[in-house]
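Paired with chain B in one complex and with chain C in the other, chain A is shared by the two complexes that follow.
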Partner chain A sequence: MNLFFFIMSILYGILKFLHWPLWNWYLYGYPAGLWIMYFVDAVIEVILVFAVAMLVVVILVYVFRKYMADIQNRIGPNRLGPWGSLQLIADVFKLIQKQDIIPKNADRIAFRVAPYIIFTPVILGMLVIPFGNVSILQLMVVNFKYTLLFLVAAMVISPLGEVIGGLSSHNKFALYGALRSAAQDIGYEVPMMISVLSLIILAGSYSINDIVNAQKNIPFVIPEILGFIVFFLAMIAKQSIPPFDLPESGSELVSGFSTEYSGMRYGIIYMGNFGFMALASVVVATLYFGGPVGPFFNSVLWIAIKSAVFMIIFLLSWIALGRVRVDQFLNMGWKYLLPLSILNLVISSLIAIYFGGAF
Partner chain B sequence: MEKVVEVNFGPQHPSTHGVLRIKVKLDGEIIVDAQPVIGYLHRNAEKLSEMGLYPKALIYMDRLDYVAALNMELGYILSVEKLMDVETPERAQWIRMMMVELNRIASHLVWLGTHGLDMGMLTPFFYCWRERERVLRIFDEITGSRLLYNYFAIGGVYSDVTPKGLEMIKEFVNTFPDRLEEIQSIFQKSYIYAKRTKGVGKLSLEDAIGYGVTGPLLRASGLKWDLRKNQPYLFYDKVNFEVPVYSNGDVYSRFLVRIEEMRQSVRIVKQVLEKLPDGEFYNKKYAKPMLVRMKGNGESYVPTESPKGEFGVYVIGDGSTIPYRVRIRSPSFANLQAVSIMLKGYKIADLTATVSSIDPVFGEVDR
Partner chain C sequence: MMYLTPDMTALALAVLVVPILVSSLIAVAHYFSPKTYGKYTYDNYECGEVVRGDFQAPLPLQYYFFMMAFVIFDVDMLLLLPWASDVRGLGLGVFLDVLGFIGVMLVGLFYVSRKGYMRWLND
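Right, the complex of A and B next:
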């Protein structure tokens, strides 16, 4: 994980540097100690976000197991800790103890890096989400003009990790998983981007903060219902959970791109998937349901409630549905989601023209 | 440049239902050629059966199709009884019928659950297993075992149905149809399931007959051929039941056929419960000391309708206490041959759907 923190800190340091007004450098020269300060600052903040994300993942995995067991007439984990709540901790320790197997002919560097790439968007995405205010402290790690663009750019990183992991494993099933991941990626990302674009048109800003503030009266899900549907399906596909778990597809491709992964590397992929589920539900709650803005009071409580609802919906889709076929998914992406998102773009442009400041 | 990739599905693969290996040639996601490779679970059941006394071969029959062991026993027992002209009391025959139908339900439930898993549906599996567990408890009560029963004997059954067992069966047949409805609705109300299975793994009637395909696959391809109706054995001509037939020959039709068969099995069990006569449950002439001295002469074959298709054991006796030849006609073996024509031209994802729709059990394919 050291490598992971290192990469994250550098990425975040660059991010901070970019949004630090560059003209100061021309005016006053660059203070020598500033880089170190930024670096330390970045490390602390990344660790903080990482800790929060991990906590959410631990809770999410526990809820998933118990909820799934409940639906399936089972008991679920009940041995470790109160009501089996420490099961995941035990699993993590077990995975750490496992031998780190790398296939003989694998591309070693790519194979090692891929799980971290899958985990990256969880942290990067969480950095720019406004979680609301606690008295005067705003719970948002980074705030600059283009946070929404940054969020979208961060979220499209994870399929890259799947493709790299699959291609570098030197395994036919993993190869097929990687190819599917790439195909699926193109299938849903274009409609997703277009529906995000219509949000930008509606709010008149690239900043997530502005988008949240624009939803004070009406959440965007009402004017943007088509865009919401597209974005929601894209989010399910992005997490690769059923019905769109094509890159993994347990029953056909053994476990797709992650076939050769074992031990803690697999653990990181697993936690990355759950972390992404948390991120996806937070993003949906923020972009379409106003995030921390809600009736009666504006608080971090609202975003917690909203994203919890979406997490449960994602889990339900995982538990209840079967898997679609690749061609069916691509059909859906190109023939239904893309036209829908373009239609939504037109509608939201019209709304922006005629109602302008109403939203 | 070589465009075709050859991939081994199995013998260790999460959805090959045992140890099936399919050599698949893939062009992208499309299956160009698929050849099943079998023999990984070969245990020499036929030869082992020829090495012991007639009643002793029964345990090998149990281990053929281990999810429907009583159906396998029945095929052998009927054949041997025909060979030796053994008379079986009526009560024993009715009990056999009831047990075989219950086992058919259990076998189809195993199929339904694993079929759901192959389609990526996790939840129906547990519902199916819950229902199957109730059947297994009934078997545990009546036969003493949960999986491999060794229950049918030449001239009857080894133990009578207990009153508690009858109660359990009554409770099961009264509650099962509703629960089956529930499980069925998980599949049938799912748009994704219909999309995945309709028109997939098609098998035309000519091909089905040509390959010797029997059982639910044949009925899903459009031929009304059920040995319980067409060549009745036991007392199947004395009970009312329907034979479900669908003509599409795809995975979805097979699903419908098997679901309907479970309903019909419940119907049969209900009728058996009404008609079950009093009397002996085995023929006293062939009690245990006699059992080992039984000699067979000639040859016999009684085809029976197992959950997978036509099952029969061809027994030749040479006048001694040991069968001269035991040849097993196993349905999955014949059904599995058709897998390569069922798969050609479809996608990889259809492979798991199609293979699971055949419902192969490898104890029986490899024998």
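Right, the complex of A and C next:
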């Protein structure tokens, strides 16, 4: 059963129970109450995805801090709650109490808009991912013919927020962060797009659901290992975590594009970064490792395991690796990743022509 | 009413609902935050110093060529999208055409990189 109809049936039951007077007015042949519930249902779905994403972010931040502390021979958060697990809740309350500072030189509208542009695509991306099913309930909010294109479009937007936030701060560090963010953006985006293109070639469809279904026998990582490498590096670059954390290189620029952000606005950017880490791992697990398709049965369990592995790899990359320079990154993108991704495009289109697409 | 499927409704409302949730978080934080004002509270951050100079100092934008190449290749990728969904049906001939199409771009990129436009200058 679809998630939408699951929630809709609950709402319908509530409406019937309440005997709402709106039930008697008709709009386009349906009761007005049903129309309202239709939109309420969509809002509930979005809030559900938001809540799940935020839960994942909370767990991810906790795991990150503990893991980083373990590697650096520290203890990490250990005061609040069992093993310091409530530290992040306390951090949120701390952020709420911080003063809301917008620098007087800053471009106020753009400065305020930037955190939204960074954060919203995370939830938009989470909406289109097929998370498999729990018994008969299918956990997929949005499914139409062009979900992969929508996902790519959503993922491409969030670096623009970094550029806007950095430029609008009118701060020298933030300006450098924004320029580096733009440089990084143009470095990895074309190879990433071309590896997505070869996924579309192999599956013969623009829909993520079809891509997952096409990986029933062999996951796409086996015919497209080059594309996987390119896409994985692009995902690391897109989250701007080390080794590609040029936009907010903490030891050179103060905090890069987010230098002037403080309080809850910084909290939103921070949540957006970690949410993007969760989204990126889920996307890699879905596009190249079959998502909810597993060896025994198809369930949400498999995508959870696969994406957890990728989250750990991303965290390890964050903790363990040093930073590359801007010119090194651009050279890598244009002289190595682009030819690799085009080679991958040729291989996958030859597979599609001679073996008939997906296996 | 044809396009008002449940999926599209959720997608369209997500663009509204998520910013509303985020802005409510920021509004709550704004309500509870202190509103003290010092002489330098709203200055830009420059490691504790008083702000000097203009933030828009002339900058060498050394990746300008990469931007041009990015625009060209992005449009290139966009033009390949309709072909990608039906590679098998369109067959080998169209695939060779596409290879030529990408090849022209790659030859141009290779030529420009030989000419030295993709080098990072250190002066």
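Everything below uses one rule, namely that the second predicted complex is superposed on the first by the 318 of 359 C-alpha atoms of A that agree within 3 Å, B and C clash if a C-alpha of one lies under 4 Å from a C-alpha of the other, contacts with A are read in each partner's own complex, and residues count from 1 in each chain.
Throughout what follows, a residue touches a chain if its C-beta (ideal position, glycine included) is under 8 Å from a C-beta of that chain, and two chains touch if they have at least 3 such contacts.
Remember, it's a predicted structure, so these values are computed and weren't measured experimentally.
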Which of chain B and chain C A:Glu252 touches, first, second, both or neither: first
Touched partner set for A:Ala320, first chain B, second chain C, both or neither: first
Which of chain B and chain C A:Ile59 touches, first, second, both or neither: neither
Partner contacting more residues of chain A (chain B vs chain C): C
Which of chain B and chain C A:Ala90 touches, first, second, both or neither: neither
Chain B versus chain C as contact partner of A:Gln72, first or second or both or neither: first
Touched partner set for A:Ile157, first chain B, second chain C, both or neither: neither
Contacts of A:Pro243 with chain B and chain C, given as first, second, both or neither: first
First (chain B), second (chain C), both or neither touched by A:Asn171: second
Overlap of chain C and chain B interfaces on chain A (superposed complexes): 172-173, 254, 326-327
Residue numbers on chain C that touch chain A, as the complex places them: 1, 5-15, 17-19, 21-23, 25-26, 28-30, 32-36, 41-47, 51, 55-57, 59, 61-63, 66-67, 69-70, 73-74, 77, 80-81, 84-88, 91-92, 95, 98-99, 102, 106, 109, 113, 118, 120
Of all residues in chain A, those that touch chain C in their complex: 2, 4, 8, 28, 38-39, 41-43, 45-47, 49-50, 95-106, 115-116, 119-120, 123-124, 127-128, 141-144, 149-150, 169-173, 175, 179, 182-183, 186-187, 189-190, 193-194, 197-198, 200-201, 204-206, 254, 259-260, 263-265, 267-268, 326-327, 330-331, 334-335, 338-339, 342, 345-346, 349-350, 352-353, 356-357
Complex interface listing, chain A residues touching chain B: 68, 71-74, 172-173, 176, 242-243, 245, 249-254, 319-328
Parts of chain B lying in touch with chain A, wherever the complex brings them together: 5, 7, 13-15, 29, 116-123, 125-127, 130, 186, 190, 192-193, 195-196, 347-352
